[in-house]
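If you scroll down you'll find the structure; I have some questions about it.
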Amino acid sequence: MSGSWTLLLAVIAPVAGAAAVGLLGRRPNLREAASLIAAAVTFGLVASLVPTVLDGGRPAFLLLELLPGFSLRLHAEPLGVGFGLIASSLWFVTVVYAIGYMRAHHEENQTRFYLFFALAIATTVGAALAANLLTLYVFYESLTLATYPLVTHGGGDKDRAGGRTYLTILLGTSLTFFLLAMAWTWSLTGSLAFVDGGLFRDGNALIDGVTPGLIAVLFALFVFGAGKAAIMPFHRWLPAAMVAPTPVSALLHAVAVVKLGVFTILKISVYTFGIGTLAMVDAGQLLQYVAAATLLIAAVIAIREDNLKRRLAYSTISQLAYIVLAAMLANRFSILAGGMHIAIHAFAKITLFFCAGAILVSLHKTTVGELRGVGRAMPITMGAWLVASFCVIGLPLTGGFWSKWYLAQGALEAGEPLMFGVILLGSLLAMGYLLPPAIRAFYGPDPAAPLAVRARGAAEAPRFSLAALVFTAAVSAALFFAAPQMSRWLQGIEGIG
Amino acid sequence: MIASHLPVLQVVMSLVAAPLCMVLHRGRPAWLLSVAVSWASLACAVALLLQVIDDGAVTYAFGGWAAPVGIEYRIDILNGFVLLIIAAISAVVVPYSLRSAADEIAPERLWLFYAVLNLLLAGLFGIAITGDLFNVFVFLEISSLASYALVSLGRDRRALTAAFRYLILGTLGATFILIGIGLLYAATGTLNMADIAVRVQGQLDSRTILAAFAFLTVGISLKAALFPLHSWLPGAYAYAPSAVTALLAATATKVAIYLLLRMVFLFGPDFIYEELPLSEVIVTLALLGVLSGSAAALLQTDVKRLLAYSSVAHVGYMLLGIGLGGMLGLGGGIVHLFNHAMAKGAVFLAVGCIVLRVGSSELASLQGIGRRMPWTMAAFVIAAFSLIGVPLTAGFIGKWYLVLAAMERGWWWVAAALLVAGALSVLYMWRVVEQAYFHEPHPANADAAEAPLSMLVPLWVLAAASVYFGIDTSLNAGLAARAAAVVLGIAP
Amino acid sequence: MSEALGLYNYWIFVALMMTGLFIVVSRGNLVKKIIGLNIFQASVFLFFISLGKVDHGTAPIVSHAGDHGAAIYANPLPHVLILTAIVVGVSTTAVALALVVRIFEAFGSVEDDDLHRAEHES
């Protein structure tokens, strides 16, 4: 058992969890227990790969061979295993949160919710462990389909309209740009595998028939093809998907969907093109401006957005652009920053969504304008909000500091002082969209609010939800001290160490 | 003894079954006979294909008259494969038709329905199997006349006008083909296709040959519903009885595409791809067909019509393969021929199940049908995935080859257009899926139950095939590659 | 010029063919469409028949007298083919007329315009 079967099991465990959820539909407590057990097992399986990968091992598992050289394969490498760990651990946390949220909110069709939730995680883990472009693509598309029932959970016309935008953009970009880029890669190199150093280099030169311009075009196709990364102009699905219940938004916007988008871009940068190749041909030269523009524009929109969840959605778009920017800069610091930011932003952003959901459940408030006095009624929730905000902004003593730090260093290493400025400006804008809700909440009681919710801690979130959001907030702060471990882990990637 | 007569049995069984159905004069016995014949035909096609794989091309001289003088049946990998597709689809659709046809066709006409169905199959088998060009015309007309009659049996009165329009255009197409055959005979003095392929070389620049080529191409394109000659197809598919639609969609246009492939073989790939700008013309028309078909499918409010327009698009895919040429392009076109037959057959069968239970194929009446008929809709979704070209379904393989073929020629815009069409196909298929699964059930299907087993089993056979051949591609992709080699004259 | 006129049989064929096609396309009456289709097909039959005609050729029947070496025969094959094609054409016409009868029963008209209107209503 050299770890290769573990890869398969890590994908199967959530599927089995989904099946168990389906079977236990009538018994909610057992059903949620099944979700939690499956999440724990998945986490355990992925975690068991960690020592092997740290020692430089790269276990692989062949699922299917469709055509010669054209197969579904899983493998373990630092980026993917890290992403798998984040996805499975946050699945556990989100289920805990959802127990509180879904029951307090009296949502219907909870079985369907937990079932597709588990399937979404299965596809995410599969994509994280993909050993070639085809496998990644298959799981990437499956995730879109698995999350559609979650987005339209409400079942109304508004939900369906949001769901349609969601599907159209995500499937549209991947079916056109991504597939085209994949076919192009195959016809140029005859391979789709993820290999250290990429497919396009032969010694110090590019392989025959490939020009720097071609690499840049191909890279752009991949970046826009990964529509889940929400690079403008393909970002609209994310705010549209805000019709979903909050645990779904938390999953979509912190963990599974968007992170898979940026993970895809990072993985392709590192293992299809190779950081060295990208840097050599300056493939990200133009795209980094697209990323920078997305970063700033989304941040400005977020500041102006009154609906709390939509504000968080635009904040996510902005923060994802950091990771895309990291891939564009393509050097050891920026890739390190990109990898770290996936993890750090996951914990911070899920906390923010948990808080927004808690406020909705307890006080039925959805806009920033209504938040006055919430800090008094829900002090723990808003405290967690504050910690997570610091983390997203990138203040020291939270994990977010490190990813911004390394990214800034990466911008300087790449000789892009302008991008350095963009990164700093982005953090300033993040203050602008994350701190006002907190300030307003702590400013004092709303004179118009009923007395019952003016008391300190009067309307705290459901217990399960509270536990989940405190935990994730604590992790996003604690990651500040885990920087050496994270960077040691990511240095297993060729070209960073 | 029987083995040496397999080629003729392939056609004669269905041809004889037709008058026998008339003699039986009742629906059920006629159906039983047709099932037996369709399964025997499948066995026959499999045996023939195995023979061809082992020993190379099989020939059968009629009445003992040797080839150039007498009529000859000649089976190589290409038409062996096409025969297998037709036989397999008919072996699935004919059993299915028991309940479906009984529901949609008046009982006193049922035995006639089966008689004509057998004629259609005889015609299709004949086109695919014969090595004689005039024979192609005769069989083409047998199958066409049968299909006009079958389309007209639909219960909506619009089936009649659809059948009439199909007849007018189909006859024009067939007559064009006849002119082409005449000119080709005038130039070469033979009707045997293998013979023509030899004699035509050396006089390829003569006007007679060029005119023959032009007439044949236009005529066959009409039969294949190549854009912009596709106007007969949506109406014919939409109003024909469900089983007929499935059979026609999966086999009739495929046979026309086979003829086009045979033309490449007749005139030689050098002539088609080097001397004429045909590649560009076909690719452009095919892409227009793919895009306009997909776009039109988006606008339909009837599932059968929607799928019919999707057929226009998919015919475009196959022609694109022919237009792109080369092992990848032709291989992709041929493998898509196979995959599309399975998947489109399956979706039309699924719609047939819905028509049986709901009585309508209007998109709106499908609301919430996913809960009423879970097995039917699940099969529909699987087959729809294959039509879209999702990885791990058969449809992906063909599309992948086509995109690679476009890349190989450096026509990245073709590849891009193909993928855009793929995205469009997601949209129109999604409309059906959304109605079926994400709406409350419509009153029209309030008492709709799951389809009977006699329809579900054939449906699932095709749906399962759509997945199986996407995972184990050795049969379809392997044979398609060998068939492409035959077309290109690389292999005998 | 004389060469072009020498091929007068082909000119007739082309003229007939165009006439037939024109009728099919331009007439709205379904029966007239069928007539057009028949003219169109007949033109092709004529083409085939003239194809097999050899100047001063006789029917390709070998006489018992034996001096067949000197005789010129017309090519029988196109003629035989056209016999088949005529049968096909007749069948097509029969099916087409049957359809027209059914259409008239169902719609009460055989004019294309009326039919289009009726189809959009139903």
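As written, the chain order gives the labels A, B and C, with residue 1 at the start of each chain.
Just so we're on the same page, a residue touches a chain if its C-beta (ideal position, glycine included) is under 8 Å from a C-beta of that chain, and two chains touch if they have at least 3 such contacts.
Just so it is clear, the structure is predicted and the values come from calculations on it, not from any experiment.
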Relative to chain C, chain with the most remote C-alpha centre: A
Chain whose averaged C-alpha position falls nearest the assembly-wide average: B
Where chain B and chain C are represented by their mean Cα positions, the distance between them in whole Å: 28
Centre-to-centre distance between chain B and chain A (centres being mean Cα positions), rounded to whole Å: 45
Centre-of-Cα separation between chain C and chain A, whole angstrom: 69
Residue ranges of chain B in contact with chain C within the complex: 134, 137-138, 141, 145, 148-149, 152, 156-158, 160-161, 163-164, 167-168, 171-172, 174-175, 178-179, 182, 185-186, 191
Chain A residues touching chain B - in the complex, by the definition given at the top: 64, 66-67, 72, 134, 137-138, 141, 149, 152, 155, 160, 163-164, 167-168, 171-172, 175-177, 179-180, 183-184, 186-187
Residues of chain B touching chain A in the complex: 388, 390-392, 397, 400, 403-404, 407-408, 412, 415-416, 419-420, 422-423, 426-427, 430, 434, 438, 470-471, 473, 477
Residues of chain C touching chain B in the complex: 21, 24, 30, 33, 37, 40-41, 44, 47-48, 51, 77-78, 81, 84-85, 88, 91-92, 95-96, 99-100, 102-103, 106-107, 115, 119, 122
